[in-house]
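One structure below.
Just so it is clear, A, B, C, D, E and F label the chains in written order, and each chain counts residues from 1 on its own.
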């Protein structure tokens, strides 16, 4: 019955990777806490890099700075 | 003053259906808990079926399996 | 399969009121969008009035101001 | 280490405005609570006006009504 | 840089189980999507069974019904 | 009309600090995006250090390690 929300930057995760992530998180909750996989819900939010900040800057700005070295 | 977030799979809910849902949830909170509709906020997230998992599989995979019988 | 999160201030909602709210929201999603009640999940967060702000003030401060007239 | 999620209606916020918002929230958390900016995460969700309700109506409906006076 | 929120019912998960879950989710995101564990944040919300609904009933009610057979 | 959710570890933030944070975030949204403070909602979740992970460890474990040098 757990509910899991995963937020990542939108940078090209494939449907296969997301399916693997859903499967993996669901099994972790079964193995560690005995939660029933049938009612475990996982949602993934892919967030534009303009809309994700860390260290006071957007990821867009950080990526541009990294590229400039 | 309540805040409600509703997550559904993105499968064609219309603006009218979403408006009906917003109205309905707002009135429930007024009728059951006496909450003021004027400051009740409702947001709806429509999530791609690749990004929603239940039972360890994405909804995309489940839908494909159902179609195959 | 929808997931609904309801945030309200912690001001004495009873278990019965919360059960009525869970039932009501689940039926709305069935009636408006055809969602399966069996896999509809609703969580309710009760938030201390110190931790809820509207109009730039915490609800604790607003309630105190209202009492003073 | 704080995590902040900001939801606004999708009505044309620019990358510059969002970057300013990320910076401002991060510094508030440093100044008020002593939180380390390096590990402060901010995400911004821009929500379609059909999917945002207040006062029992979607923002789309409210905006239309305002325009009609 | 991912952010993960896990909601479970409050039913006695230990600090060790929660630490194992945090570790496991962080490593999944590294292994599947190449995400940096150092900036991966995981929060766990434990929700009272009165405040969690599935199938239109609170978990409190469902547990009582199960005990009665 | 924005909705902001702030998650911090539960480590003694005072009501005054939280009120200052609510005020500050509300004014940022007014100043940067022109949002109406009257309908801006801010909620603060204080999360136990056992329930917050970063870098694959709970904050409880990290704090213990830091104390040991």
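Please note the rule applied: a contact is a pair of C-beta atoms (placed from the backbone, for glycine too) under 8 Å apart; a residue touches a chain by one contact, two chains touch by 3 or more.
Molecules present, by chain and UniProt name: A, B, C, D, E, F = Tautomerase.
Owing to the predicted nature of the structure, the values given are computational and were not obtained by experimental measurement.
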item: Shortest path length from subunit C (Tautomerase) to subunit D (Tautomerase) (each step joins two touching chains); value: 2
item: Subunit E (Tautomerase) against subunit C (Tautomerase), contact positions shared by both copies (same if over half, else different); value: different
item: Recurring contact interface, reference E-F, options D-E, C-E or A-E [over half identical by residue number]; value: C-E
item: Centre-to-centre distance between subunit D (Tautomerase) and subunit B (Tautomerase) (centres being mean Cα positions), rounded to whole Å; value: 20
item: Rounded Å distance between subunit A (Tautomerase) and subunit C (Tautomerase), as computed from the means of their C-alpha atoms; value: 26
item: Whole-Å gap separating subunit B (Tautomerase) and subunit C (Tautomerase), where each centre is the average of the chain's CA atoms; value: 15
item: Contacts with two or more other chains, residues of subunit F (Tautomerase) listed in rising order; value: 1, 3, 7, 25, 39, 41, 43, 45, 52, 54
item: All chain pairs that touch each other; value: A-B, A-C, A-D, A-E, B-C, B-D, B-F, C-E, C-F, D-E, D-F, E-F
item: Subunit D (Tautomerase) partner contacts - residues on subunit F (Tautomerase) that touch it in the complex; value: 1-9, 13, 17, 20-21, 24-25, 28-29, 32-33, 35, 39, 52, 54, 59
item: Parts of subunit E (Tautomerase) lying in touch with subunit D (Tautomerase), wherever the complex brings them together; value: 1, 3, 39, 41, 43
item: Subunit C (Tautomerase)-facing residues of subunit E (Tautomerase), complex; value: 7, 45, 47, 50-58, 60-61
item: Footprint of subunit D (Tautomerase) on subunit B (Tautomerase) - complex, ascending; value: 15, 18-19, 22-23, 25-27, 37-46
